[in-house]
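Got some structures for you, see below.
Each of the next two complexes has subunit A plus one more chain, namely subunit B in the first and subunit C in the second.
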Partner chain A sequence: MGLSRRGLFGLGAAGAAAVGAGVVGANTLLHDAPAAHATSTSDPYPFYGEHQAGIVTPAQDRLHFVAFDVITDKRAELAELLQEWTAAAARLTQGKEAGSFGAVGGAPEAAPDDTGEALGLPASGLTLTVGFGPSLFDDRYGLADRRPAPLADLPKFPGEQLVREISGGDLCVQACAHDPQVAVHAIRNLARIGFGKVSVRWSQLGFGRTSSTSRAQATPRNLLGFKDGTDNLKLEDADLLRDQLWASPQDSSAWMAGGTYLVTRKIRMEIETWDRTSLAEQEQIFGRDKGEGAPLGARAEFDPIDFAAKGPSGEPYIKDDAHVRLAHPSSNGDAHLLRRGYNYVDGSDGLGRLDAGLFFIAYQRDPRKQFVPVQMRLARHDALNEYIKHISSGLFACPPGVRDAGDYWGRTLFEA
Partner chain B sequence: MRTAIHLSFGALALATLAACGSGTTDASAGAPAGSAAPGKVTVAASDTECKVGASEVVAGTTTFSITNGGSKVTEFYVYAPGDRVMAEVENIVPGLTRELIAELPAGAYETACKPGMVGKGIRNALKVTGEHKALTSDAKLAEAVTGYKRYIKSQSDTLLVKTQEFVDAVKAGKVDEAKELYPISRTYWERIEPVAEIFGDLDPAIDAREADLAEGEEWTGFHRIEKDLWIKKDVGKDGPIADKLIADIKTIVQKSNAAELTPLNLANGAKELLDEVATGKITGEEDIWSHTDLWDFDANLEGSKAAVQALRPVLEERAPDLVKTLDEKFAAAEAALDRHQKGDGWQLHDELSKAELKALSDAINALAEPISKIAPVIAK
Partner chain C sequence: MGLSRRGLFGLGAAGAAAVGAGVVGANTLLHDAPAAHATSTSDPYPFYGEHQAGIVTPAQDRLHFVAFDVITDKRAELAELLQEWTAAAARLTQGKEAGSFGAVGGAPEAAPDDTGEALGLPASGLTLTVGFGPSLFDDRYGLADRRPAPLADLPKFPGEQLVREISGGDLCVQACAHDPQVAVHAIRNLARIGFGKVSVRWSQLGFGRTSSTSRAQATPRNLLGFKDGTDNLKLEDADLLRDQLWASPQDSSAWMAGGTYLVTRKIRMEIETWDRTSLAEQEQIFGRDKGEGAPLGARAEFDPIDFAAKGPSGEPYIKDDAHVRLAHPSSNGDAHLLRRGYNYVDGSDGLGRLDAGLFFIAYQRDPRKQFVPVQMRLARHDALNEYIKHISSGLFACPPGVRDAGDYWGRTLFEA
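Right after this comes the complex of A and B.
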């Protein structure tokens, strides 16, 4: 039996492995296949580091994202929870169980300290990434004066139809892995550790990555059938990452140095009407060709985009309201985003249609200069708006990485 | 492990039972002749006051004589720290005097009258002085079981009374009265349900929901009558169902009081009661016709607390931090529920917003996790 299509994307090539997160042991099954991952899909990524994993880490195939409300009114309990989570995450990301006794190693009278559904499964590239929402910096925990300026509330964008219940949150955890069971297991165990201190506000599963965050990865497709993330910020772009991804000690909040800011948007796609749209119109809406992902008027996916190029009719190849033109850094003062979104299908909508779309995830140094202007331009002019609807929104400050076992998520926020 | 615990407990239980004697009786059974006058304390209860005739008694047996001079049905409790029920008498109707015999070692206690049978009650301090032999750890476990059985006894006694009232109203075709009595009689049932569940076939006969039944199964019990009361608004044909309900309740009360319990039964029962809340009451599935789920919620929470507090002396010795957490989380859960008090009862489930239900759910999750840690502490 041959390898599935998913397999082509799912198994990594050796050559590009070392570029990634410094993990060796790359899978060499498919030398010629496009490299989707920098490592074998079962290996762990390091948990400790200057930055949190799960940001420039080559995007894994599966997502479970969760936002929490903090329900304790005690700052000390919140800080303690972050320490418990950090300890559990350090284990989970290495393919271990959530607690030291595990699913079956504890006393028979005790509820197990791990829920067990990941028994026998490898680390599967699990990364866990934590963020703090604007609401955490209200008057509950004495953090109001620590709110970073880039964590300014997002403006209202034209056309958005945000559902409050699936937006916002005091805390978020992004779990990415190559195995959905591993991602869900991690979130479930963190939620359990948090009972009484935090309460799940909303959560989202994503079944297929829609962005590449490494040149070692092939560009995947979103549910509109187009390649997504061709011009994404990638881990090889060292200068751009420094300038546009990571918060620096010189930025307004020193505690965020080495951290970054996360915007999530759940974007429902009207896939049924899209599917009835002609190929030519689809390509004009995106400004790229559907097969290769090449900019219209060019030949290959990574050809430079010439927005001035005109076709035989004298009209620009890429129309004024084409998605790629409006979203491109050249239209936005060279603002880049590190996108890390996932396709989702949440069952069906009761009207004979799939409830499907894109769970958009973008990391950046300052949303006020990056996501906000780009999205404002898109919300006003993008031809794609006829087929999409933003239904949830999240904004989070992701603190720097956990340095070692004595450190924890958010230490610089709570202990300075 | 489980077997070993059971055996060691069994051997000690006899000695402890002999030492502690029985806990409560009520006036209908008559006060034992041995309760001397010095150990007698009168309590004048009303809707607003609870005048206890003494604030200090000697260790050993004290008989409280409670007269209800108010207009609401009341209850009287003696609490050890953490609201561990040492003795209680329920259902003291206006004008009635009932007696409560309490076996109290030296220590600091509180008494409480609960007019309307809700809330924290009107509290008074009660100091008990004199000799009292400290229990060993295993003896404390045995005492926990004895204490909890005392609770089962008091609850099941009132369950019988209240279910009889409910059944009488149903058989008399008094729909409105029966609707009022429905959540009240269930309160006593829901407090001790894990014990009742030991007797597998009776629990569904008493408490099955329509959705629980397989095709062709006969539906009896509380919820069958609930549907007729609220949906059909006619219980004219429910006589046999009502008779069967009270007969089943009588059987289960008898069996519950005779049941041999282990400390682990208490720990697991406390957790199961909260599981009941999480799966049945928060969702409104328990009482889908009457929406009186919060009565059951309150009863489950109280029943869980009674089992935990019975174990408290052992937990204080073995896991003091856990006791602190449990106290906090019980208080938080009670406070979350108290927001929905309405008159002598509770808001209906369909009057609560999704956000309010979530707050209740969060409080139960916060409490149930530490409660799940009791069993291994008890077992060690």
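Right after this comes the complex of A and C.
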């Protein structure tokens, strides 16, 4: 039973000592019956389900993504941590604290089991999505023979300049919410709960979504100024989700049933150079017009793309090296991705430029057949490569959803 | 006359070449009559006025702050840039593009004079606030004798560990908005307009406000989990604003009439250490309870603080080294600050910790009498110092507001 953050404000405080004891147990019924779907940007999404939330959930506005190294050498401690995280996530996603706000049992002599900065804030559509990196399947935890085939190491792509310190990770958590304070609060509390067992390897904030994952959402824009994700896989595409998103027993491990595979890429953009490129060149590079997002040669964003159509000059409207042509499922054996990326700005780079770009996130059934061939094609041929650079990479197996309060993230992996 | 970003979506696109020409001049009347005050988080604030917006404006949710080095050596180019920036800001703050979206005159062969990523987004309460750093008053631009006395270099404070590369700057722009994409877009376009004349020195995103600047706003929380800015100077405090916020001819330069002085400090927090500190100790360090924000010994957030009140043990409820006691106007000769800071997370630090804290922003009439003595007291005695570290510092003279379309940022400085 949980303490509602919203409920807390109805309570008076009567000095320091009373706070911990005073609020525990109050307002325990709020948010225990979440709406089936968030109906406003304040409301919660359900935590329990066949699949993890935060994948086909309509992409929220803000992101805090973290990768952890596991530093305990005990498999039991790792499994225990995943249970503790699951319990905290079940509360956090419903707008409650990670634990009771004050000290456990109300003793002010203990550290609070919630860090407090989200007190008073609603659930804000928070979802928390966990993944397991390839390195978790080494010899430390007896999981080597459980590594699913689609979690094969990514190949080296031409031109990538990966920074090891911000790549990889044994575990990841994607926190998405409409309020960044809520996303940051969730990641910080999971890190706090994991103290001594995991260590933050890298962490990334994204300030604005660059993809829609539902037809009910308007297509947002990336930092090159173009609409992004028009042809994204969306939650309404039931058949495609079954075929292209969720792990299948045919090509994956049984413990991954209901799960999916996540690829992250931090893509730095040379935005100052881009900003001095002509509109015509920008549009030719993408293969879409900038204002409407329509395929070149067409009129509206969702018009079908005719890659054979030729303009008055006899040249194809969409060039051979245009981004939209190379990335399109029709160029890649009908491989789709469910993209869920975010724009980022990490300050400036010391050379007078903004350190900005796209934190790319894509979910899929099998990266070997989806992300890898698509990205290999892009890395080799995409006209956009002059303006972008891949500087980090992550690959994770996201286990199935948590079924109920007796289940936990990764149970099928650890308890098979 | 401007192009509304919202209006653009009413126009179809008919292939690449038509876009630039198609939209210029359309929908020019939208947003030309901004509301006197933003009535929703989408609406604009007025740009023109006696004072710059973004100071007493109710603090918006998100921040992008940038400091520039001026790289031109020509005073006329600098003044011209300020005029170009003013014109762009007058458009951007009203939800328009920095210039017409496509190429100038509709020619697709030119680079667009807006970068495009805010197309379709409303004004979102954007304010842009400019400041001039002490270094602008060196011998480069003939401004040395115009340096106002309150813009005296800050002293070295005990314990600070300033990083030169993310401190100082000839110019700064604070962009605040409810949508971070809108704030980032504004800064990026000002940087684009300034290409060859200015270079980004440092840049900081803040994801959540940590101060209220109006009594209509709920007090937000910092990343230590406490309400911050309860006793902040607020826009309703007319007498205090006159005495403590706006520059005065008595102690400032005439060109600064209607202006104010800005101090920024990036304050890294040792949040993992803090999170292992007991609730009682956290509350003693602040001098307030964590749940309600009430002064220790009192009941509610806005209860008057009785620094003499003693608890049952005979000790003061609020300790001598408590943050609220040391920072309070009553400890500092009635010196107030208008704080407008933001929480930040810049990823992680490579040592397993989140790189997080507070980007402190404070406006005031004279830093020599306000920020400096308050911060000196805090730097010497504050119990909080164990958990925080000042790593960057900025000081800027923010000129008066732009009166009308014939005026520009800094006109009183350059044209006296």
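Observations
One rule holds in what follows: the second predicted complex is superposed on the first by the 369 of 416 C-alpha atoms of A that agree within 3 Å, B and C clash if a C-alpha of one lies under 4 Å from a C-alpha of the other, contacts with A are read in each partner's own complex, and residues count from 1 in each chain.
Here, a residue touches a chain if its C-beta (ideal position, glycine included) is under 8 Å from a C-beta of that chain, and two chains touch if they have at least 3 such contacts.
These numbers come from a predicted model, not from an experiment.
Of the two partner chains, subunit C is the only one that A:Gly208 touches; subunit B does not reach it. By the document's definition of touching, neither partner reaches A:Trp85: not subunit B, not subunit C. When both complexes are overlaid on chain A, the residue A:Leu354 reaches subunit C alone and has no touch with subunit B. When the shared chain is aligned, subunit C comes close enough to touch A:Val345, but subunit B does not. Of the two partner chains placed around the shared chain by superposition, subunit B is the only one that A:Gly196 touches, whereas subunit C remains out of contact. In the overlay built on the shared chain, the residue A:Tyr387 is in contact with neither subunit B nor subunit C. When the shared chain is aligned, no partner comes close enough to touch A:Tyr363: not subunit B, not subunit C. Overlap of the subunit B and subunit C interfaces on subunit A: residues 108-111, 192, 195, 199. Within the complex, the subunit A residues that touch subunit B are 71, 106-111, 192, 195-197, 199. For subunit B in complex with subunit A, the touching residues are 1-2, 264, 267, 329, 358, 361-362, 365-370, 372-373, 375-376, 378-380.
Across the interface of their complex, subunit A is touched by residues 8, 11-17, 19-20, 22-23, 62, 64, 66, 69, 101-103, 108-112, 114-120, 165-166, 179-181, 184, 187-188, 191-192, 195, 199-205, 207-208, 218, 220-226, 271-272, 275-280, 282-284, 289-294, 296-300, 311, 317, 343, 345-348, 350, 352-356 of subunit C.
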